[in-house]
Amino acid sequence: MKLVVTDHGTAHQLEFERDGHLVNALVDGRAYQVEVNPLPDGGVLLVHDGQVHECRVVPTAGNSVRVSSGAREFEFQVRDPRKLADANSADGGEGAAQLVAMMPGKIVRIMVEVGQEVNAQDAVLVVEAMKMQNELRSPRSGVVRELRVATGDTVNGGDILAVIE
Amino acid sequence: MKLVVTDHGTAHQLEFERDGHLVNALVDGRAYQVEVNPLPDGGVLLVHDGQVHECRVVPTAGNSVRVSSGAREFEFQVRDPRKLADANSADGGEGAAQLVAMMPGKIVRIMVEVGQEVNAQDAVLVVEAMKMQNELRSPRSGVVRELRVATGDTVNGGDILAVIE
Amino acid sequence: MIRKILIANRGEIAVRIIRACRDLSISPVAVCSEADATAQHVRLADEAYLLGPAPSAESYLRIDKIIEVAKASGADAIHPGYGFLAENAGFARAVTAAGLIFIGPSAEAMDMMGSKTSARKVAQAAGVPIVPGAVEPIRSADEAERIATEIGFPVMLKAAAGGGGKGMRLVFQPDELLPALERARSEALSAFGDDAVYIEKAVEVPRHIEIQVFADQHGNVVHLGERECSIQRRHQKVIEECPSPINSAELRATMGAAAVKLTAAVSYTGAGTIEFLVSDVTREFYFLEMNTRLQVEHPVTELVTGIDLVREQIRVASGAKLSFSQDDVRWNGHAIECRVYAEDPENNFLPSPGKISYLRVPCGPGIRDDGGIASGAEVSIYYDPMISKLAAWGRDRDEAIDRMRRALDEYFVEGIKTTLPFFREIVRDQEFRDGKLDTGFIPRFNERRKPADESEAGSATSAIDVHLDLALIAAGLARVGKTHQPAPTLRTSKWKQQARSAVVGGEQ
Amino acid sequence: MIRKILIANRGEIAVRIIRACRDLSISPVAVCSEADATAQHVRLADEAYLLGPAPSAESYLRIDKIIEVAKASGADAIHPGYGFLAENAGFARAVTAAGLIFIGPSAEAMDMMGSKTSARKVAQAAGVPIVPGAVEPIRSADEAERIATEIGFPVMLKAAAGGGGKGMRLVFQPDELLPALERARSEALSAFGDDAVYIEKAVEVPRHIEIQVFADQHGNVVHLGERECSIQRRHQKVIEECPSPINSAELRATMGAAAVKLTAAVSYTGAGTIEFLVSDVTREFYFLEMNTRLQVEHPVTELVTGIDLVREQIRVASGAKLSFSQDDVRWNGHAIECRVYAEDPENNFLPSPGKISYLRVPCGPGIRDDGGIASGAEVSIYYDPMISKLAAWGRDRDEAIDRMRRALDEYFVEGIKTTLPFFREIVRDQEFRDGKLDTGFIPRFNERRKPADESEAGSATSAIDVHLDLALIAAGLARVGKTHQPAPTLRTSKWKQQARSAVVGGEQ
């Protein structure tokens, strides 16, 4: 099995063979022999050279996964180079900058209008969730092309709220 | 749905209808309207007249289940009167008394021989598990008809070890 | 005699109060919103009743429904917890008018001390020092500008009705004042149903230290020492300690005496907290406000004094005398609490609601976790994102930190982001270990943290990070796992060989 | 300087030691049998190595393999926990010979105090009273009969090498002596690899009270007070307390002084426990034996003194002086521990191994659970059936019992039978609450219990048991559940109606 696993922009070549509880893996050419034991309450225990790694892998969105290993957490994108679908879903359109809701909440204020020019870091709108108001700022300088929400709207995490070009 | 649920020999007539999260039940003629909410970590939350009952039902053997409700535990046999299989599996053969291993373990000593007469409560054999030796005694007076194990054997819970007639 | 208590709250504090009820053989009654039908506080109660839909205004803030349920269920008393209706004098009045016991101070004491502006007047009258500023809510933009100019920038805007950082803004310059005022009012209205905001001089490099007080209906008033609450983010406490790392018996006695004086001045009963700002240089202290309820961070006081504050609240509300005198109060060892939030520390602490797919709560010596959530449960967007309070006790501060570090590393919350990684860094921070705490700690910590992150990322390219490599392998296995069923048994001889070869390999 | 510790144990005590290592920033190395490949102590360690198949003799008792793993992994020290090799002087010698630190007393001290017969000689020499009996192991049936007749029945047979009730038999009459001797020897051989058994006079209506001692390598010897361990079943402790309900400072000082004298007599180092029989009438005490290791029930001493015994063990083993003097030791409040076993209390406490399908561990004020198992894990037939130690602390004994009762009710272990229901009854028992404890407590409790059970069953026919009816409904729903998928949402309007109708119904 060959996969490309990306960690914050750095692509790692992963190759491995599974033989029962034993996995032989190459990570960017580094060889590992890992004992793999599924845990009774989910997750997997990896033992490599005696070292214990309790790992839990949770899919987040698309090819993205969150891996926790002990007290450390990682965010990866996993791609199978043989599959086209994987390659395409790696990133969205990049022509325009999108303002995306990071969490579910309610739009309590909008500071811009469609057509308005904004600078990077200008406040665009305010979302309230869990009683905290959070200001969303423009990721770039440009013009507000779209405003997909109105004051009082409820939004979900991942919703595109505005497009700045 | 009509079922007969037996609690230590006492049979209770249970009749209920489920309508989404609401269940209307008759227990020996007593009427209950119960709100049923499955729990995210297994089990079910029953709310009746405001009273909260967190119940977990674990099948044990055959039609037997163990129900825990808060800090209380029950052992029931559940029978569907329309099903023949249920009725038959209620009890095993009753001609001879069987000495059954209550738990997995190792036979460390056998005090009787086939053909030997024993009195009720006479020691028959000793099983060791979790470092404790437990003496199994004859459930009745009679003659040892069968000895299905030898010293040193490993047995599982539920195994028939000897038959006394 | 109290036989049944309705708990007008949710989450960890409802669970905490249920436990105190159980200890006293009192039957606990839960209330819940539709979002909380299978919440932990419902599961642990004897009875549970629905108040309404998820939004607080339609459920946990519905005074009418709560009192209706309390009477219908035959409860003798209502415990409000903290937040929601805990500091609402109208609620306290309604409870009393319904013939039920309100587990908290009288509505009159809440009126006097609950509003910060009126509390400042009480403090002035009692001779307890206060921070310079206006004691009345701001009525106009003009007035705000006038007062701010008078006392000089920086100034602090604060909601008169609330606490917990909501409706609070630090303003450094005149041109920031009016936008900040608008935001503070809007948050205050949303959080407390009251947009009154007042203004005071911002004391620079201050410590937030509060005194726990307790009073019964027989005129006994005592204090249980201080809690250091200087580590704050967005004016919200994130780590609290007892005692303060200042650990001065003299300062404790002086502040304690001032707190007792204030408490007695309003004939207060039950548990309360007097918040002070303490100058780290001069050790002068200023009265800030009184919280007329159980405090979130009460466990650190419980761990150090051994006194169960919720049990004592219930006893005092039922008319009993305090079970201890001032002389009985002893401070033994050191306790620290971390508030574990469903927030993403890598993403400006954005709320991270969602389903907790796996939960491992730490245990063991010196550890106490006050949680309100079970594995598989949903952290709702409707309520405060705190999922648990993790507290550690040690013979001294160092031991408490050692244990906290261990417990934080043992804690596993999967499915949502939490502030656990943030705390894991803080307890390893030298300035934190040295006890150099003031309200500027978090900004300074974030500054220290950035270069450390970068150097770590840089070193990763040179030194091999085995943890990263194994995590990459785990991610790859999970991808394949969709089509592969692992063997059910763990006892393969291969594992054996592997472990043996690891041993033998290590010997070479 | 210890940087890495191999823990030669499993279960809760291995987890406990791992936690102490973490607190001290020491890297913990686990060892395991094939049955424990994913056990909790493996998961929490930095490294883990397989010792062999499930039976202890092929894994946790393999001295050669353990030392091989310790050296290969670069450990500086080995902590033996309790049980297994903890009191094996040969193991201590082998560890030291391999150039590693043994976290425990010297092999010489273990030789002298580890065997009960030799320990009795040391006590005699030190002038500490002992129970009448032979100090040598029994060599023949004739000798057993001669000694028993000499000291008079009832007599107690005890394994010279061990503790924990294994190889122990109370014999009331001459004709029971030889069969009991055979059984005791067989159990002793199986448990400790040594069939030596000795005989002593059985003291009637005794309390089992033990003193925790601690000594460093610099000649400092202190005691940490007593633990009451009178509540025993099959000579195995099931509930322990600190302090003893006798709570006599004078008795504590006298017994403590005797314990310190014995400890010093053998140049003991580290943690140890001196067990005494105390007459409940005369308050005279007799030395029974010394446990030259950490005791199962050490948490109650930790909760009351605040001293972390495992941390201190590691410090002392690394050559540090004791971190406290005798005068520093204070006894604060009261702690109780229940040993939760995988045994069926309704079926003569037969072991109940199996898979734990659901686990809810209690938390909250005053509660500490030392567990060694996760939800979904298997309780193996190969090892001791203890799955956790639940401890509660309170300002006084009543508060500790209140909290223990609450925590026991909160505890959920599904899939296997446990002793939790048994403990839930004990903490509600008046004789227990009154502190009337001696080794006859459990038999008397069982007598009181029987008629209560019957009257309960009788009353069930007259009064309606709603809990039973709801459990019957749950069983019926589960039966149907196989073919029925419950709706995924919990927010149905029907639930709302139901809850509302319950409220309204209650008002009429």
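Chains: A, B, C and D, in written order; residue numbering restarts at 1 for each.
FYI, a contact is a pair of C-beta atoms (placed from the backbone, for glycine too) under 8 Å apart; a residue touches a chain by one contact, two chains touch by 3 or more.
Since we're looking at a predicted model, the values are computed, not measured.
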| item | value |
| --- | --- |
| Most remote chain, CA-based centroid, reference being subunit D | A |
| A-C against B-C, pair bridged by the larger set of C-beta contacts | A-C |
| Geometric centre distance via CA averages, subunit C-subunit A, whole Å | 30 |
| Whole-Å gap between the CA centroids of subunit A and subunit B | 50 |
| Centre distance in Å when subunit C and subunit D are each reduced to the mean of their C-alpha atoms | 36 |
| Overlap residues in subunit D, where contacts from two or more other chains coincide | 37-38, 48-49, 73, 374, 409, 490, 495, 499, 502-503, 505-506 |
| Multi-chain contact sites of subunit B, meaning residues that touch two or more partners | 37-38, 41, 47, 50-51 |
| Arrangement of touching chains [line / ring / star / complete / other] | other |
| Contact pairs between chains, per stated definition | A-C, A-D, B-C, B-D, C-D |
| Contact footprint of subunit C on subunit D as seen in their complex | 15-16, 19-20, 22-25, 34-35, 37-38, 44, 48-50, 54, 68-69, 71-74, 299, 302, 306-308, 310-311, 330, 332-333, 360-361, 363-371, 374, 395, 399, 402-403, 405-406, 409-410, 490-491, 495-496, 499-500, 502-507 |
| Complex interface listing, subunit D residues touching subunit B | 166, 183, 186-187, 190-191, 234, 342, 344, 347, 350-353, 357-358, 381-385, 408-409, 412, 414-415, 420-421, 424, 464, 466-480, 484, 486-487, 490, 492, 494-495, 498-499, 502-503, 505-506 |
| Residue numbers on subunit D that touch subunit A, as the complex places them | 29-30, 37-38, 42-43, 45-49, 73, 355, 374-378 |
| Interfacial residue positions of subunit B with respect to subunit D in the complex | 1, 3, 5, 7, 12, 14, 16, 18-23, 25, 27, 30, 32-38, 41-44, 46-51, 53, 55-58, 65, 67-74, 76, 78, 80, 102-105, 108-109, 128-134, 157 |
| Parts of subunit B lying in touch with subunit C, wherever the complex brings them together | 37-41, 45, 47, 50-52, 54 |
